[in-house]
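Letters are used for the chains, namely A, B and C, taken in the order the chains are written, and counting of residues starts over at 1 for each.
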Amino acid sequence: MAYAARRRFDGFTIYAVAYLVFIYLPVLFLPLFSFNSSRYIAFPLKEFTLQWYEEMLNNPSLIEALLNSVKIGVAVAIASTLMGTLAAKAVTRYRIPGRGPLIGVIMVPLVIPEIIMGIALLIVLNLGGIDLSLVTVALGHMLLCVPFSMLVMISRMEGFDKNMEEAARDLGENSWGAFWRVTFPLVLPGIVASLLLTFTISFDEFILAFFLSSTDVTLPVFIWSSLRFPRKIPAILALGATILVVSFVVVTFAEWFRRRGVHVKTDTGV
Amino acid sequence: MANSALPVADATTPADNIVTRLRSWYLRSEAVRGFSLLSPTMLLMLLMLAMPLGVLFTLSFWEQEYLDFIKTFSLKNYTAFFEKRIYSKILIKSIGISSMVTLATVLLAYPMAYFIAFRVKRNKLVWLILITVPFWTSYLLRVFAWKIMLGYNGVINSGLKGLGLISEPLEFLLYNPTSVVITLAHAWAAFAILPIYVSLEKIDRSLLEAARDLGENAFMTFLRVTLPLSMPGVIAASLLVFIPTVGDYVTPALVGGPTGIMIGNIIQSMFGKAQNWPLGAALSVISMLTVTLLVCLFLWLSHIFKKHIA
Amino acid sequence: MIRFEAVRKSFGHFRAVNDVTLDIRRGEFFSLLGPSGCGKTTLLRMVAGFEAPTSGEVYIDDQPMSVIPPNHRPVNMVFQNYAIFPHLDVRGNIAFGLRKSGLSKDEQSKQIDEILELIKLPGFGSRQADQLSGGQRQRVALARALIKKPKVLLLDEPLGALDKKLREQMQIELRSLQQQVGITFVFVTHDQEEALTLSDRIAVMSEGSVLEIASPTELYETPKTSFVADFIGTMNFFEGKITTSDGQNTNIETPALGSVHATTGGQLAAGSDILVAIRPEKLRLQFERPPQAKNIALGRMGPSAYLGDRSHLYVQLENRKEPVSVALQNLESSADRIRTPDQDVWLSWSPESVVLLPAQ
């Protein structure tokens, strides 16, 4: 068996590495050209410069959009992790009739094209006379983030013994006490991961934000409107590079946290 | 503690009234307790998913004059879809593009998932993180990255020119359906890997050993055991890529050019410049129905296929 | 002190517990014994409060338990895989339930030390769960429950994960612990030897119903149903018809064994079908026809299994397809003669060793 494995070592590994290159390479061009002094994004490279980063930091509307995204991201992360955790607990610890379909329904936002969700929400808000604002964006993001949070928490909760909570209750704790003293410490890595992931999803989300915001914009919407102006593009590259690096770090943390201690063979694997 | 006769605590005796009886019922019913935990989420889903979709459906039967809605039932939007050939053409093209994307993505993703599931012994975690992290970062930026790569004076062209491989920039790279397919295949790549990986990981390794023991070589074992058993993951991956892709408008807008327009762009314009919300709603409903039908067809076919080879 | 009254539990269409009414006495070691899926764990969990009966009621000291959630019940449970909290050390685990007890930190510490002595793990206080062996974890789970001084201790197959020697050792320790502490133990197991070793009384369950409740001796020597007779230990069954019965002696005519004489304490109807049951160790094996025996049968020696201290032999009778199981202690080394098959052997047994069971 070892002999056969070594023979195929080359083919598959080459493919895997090439695949990773395929995934990462286009994305790496953003940071690359953000340090390039030319306004045109093409080879050959000119001089190294930090001017685009300077331009980025000196743009007040950019900074404002950034802050908006952060505000929404934090709020959405906390709220959806809370709801996702409760839902995950309900689904993994109780025998509820129609459990399967219920999970399916909660997961629906993940498969509906975002544009349809965006316009449906837009219609409702319009008919209900509610003005668009950052709040409406946040609510839209929650629709997307709660299912993700639930998935993360389900995989974490399924990974440890249901009897732990029963033992805590057997020893005198009510449901809340059992959750706080036993479940919470054990799922904490999952909660951290969920907070980080939902923040990132909200921070990077474009389509719903586009439909549900008005004058106060989030960062992705700001980027979108800047893309039509070629002069602004290098600064956008700098911004994009920064976002990528930060996202990369945050999500790596999140995934590491989430998978820590949980056997890799989880049911959802996501 | 050494001897018996321990002082033991008594349970408190509650009074027998309506409150205790309700409490008893609540404690007896596991389903009720579970549902009460689930209720905030269900409420959110109801308010933000079910209701808006319902309203969307209703709106598709109205008409719009400038900024007001005419709230009388009318099938005008739906007939418009069939009368103006362009809508159905673009819908079909969108489905075509999405199918190509799904095919490309799943085909490319499968060997990668296989690699992580079967070839990586230690550090599976590292590989999985490497795969998923790019997926979580900004979709918009990733599409934009392709735009700058594929452009007439973009990275690929200038790079190839600089290396002396071509004298004139390649025109076919950007602003057509092909660029949409490439960009989307890249965007969804990581997403498709995960379900396939999960399926492959679940396969009991002793099944593969049994197949080898019964005389099959490695390739036939793959074909007859691994591939069929990984089908649920492949199907899940296909659906997860296909369904959202049909409605995508960001990628076509950035890299599709005039020939790469998809139904999502039309719908978006209805809510933007064209200002015909009811028509946009109707197009959305039609798109969703079409996709649902196709998905059911796909699932039915794979079910038949599964029975056939079983 | 624990009373089940017409308790039923259904999961959807599946009836897990079927109309169980039974009493568990104060201070006894009571076992629920049965094959997997018979409902014994469900019954236990209903006492703990993790399952609620679909109908019927569970009483502890005449108090109905349906309104009382698990954390307020005077019972504590040792779970099948121990459920030791991984994020707390041994002391933390044991002290877990003492938070609401009102005891001072010093008092708690003192009690923890005492109970560590009791479970024979002194000095293990600061160990983490993954540093403990299976047997040690089990004892920590016990200590964690016992320190709360419950009226009843529930044990859900606690010894299942241990290897044979350790299991036997723990059985002895559990029994002596129970007698020391003096509280009621309700013990769930599928291992009938374990139940026989530990219990004052055993309830044998199958498919949601309680078939028989009796002491180990009664269950083994005088079972009331063929299921119990077969489930506990090994049993040889022979069909037959009653010829005469006079309140003290009964004669049965069986195709396989011929005439069987039994001593019974009751009058049975002549002519009715009956099942004769004889334990393998009650059958005596001889190579010559025993002159004095009341019950004899001639057979042919079949395969045998040597188990060191005893041998299991299979004797083929003429009118019976299935061989008869005989258990012999290897007192003398007549091993050679026993291991040559196809010899004629004589089986004999006393009238007192015959168990009569209702025919299927």
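By our rule, contacts are C-beta pairs under 8 Å (C-beta built on N, C-alpha and C of every residue); 3 or more make two chains touch, one makes a residue touch a chain.
Just so it is clear, the model here is predicted, and its values are computed rather than measured.
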A-C or A-B, whichever has more C-beta pairs in contact: A-B
Farthest chain (mean CA position) relative to subunit A: C
Geometric centre distance via CA averages, subunit C-subunit A, whole Å: 55
Rounded Å distance between subunit A and subunit B, as computed from the means of their C-alpha atoms: 15
Subunit B: positions in contact with at least two other chains: 30
Multi-chain contact residues (two or more partners), subunit C: 69
Multi-partner residues of subunit A (each touching 2 or more other chains): 95
Touching residues on subunit A, where the partner in the complex is subunit B: 4-5, 8-9, 12-13, 15-16, 19-20, 22-24, 26-27, 29-30, 33, 40-44, 83-84, 86-87, 89-91, 93-97, 102, 105-106, 108-117, 119-124, 127, 139-140, 142-143, 146, 150, 197, 200-201, 204, 206-207, 211, 220, 223-224, 227, 236, 240, 243-244, 247-248, 251-252, 255-256, 259, 264-270
Interface residues, subunit B side, partner subunit A - complex: 30-31, 33-35, 37-38, 40-42, 44-45, 48-49, 51-53, 55-56, 59, 108, 111-112, 114-116, 119, 124-125, 127-134, 136-142, 144-146, 148-149, 151, 153-155, 157-159, 161-162, 186, 189-190, 194-195, 197-198, 201-202, 218, 239-240, 243-250, 254, 264, 267-268, 271, 277, 280-281, 284, 287-288
Residues of subunit A defined as touching subunit C within the complex: 95, 161, 163-164, 166-174, 177-178, 181-182, 185-186
Complex interface listing, subunit C residues touching subunit A: 11, 48-50, 69-71, 75-77, 79-81, 83, 85-87, 96-97, 99-100, 144-145, 148
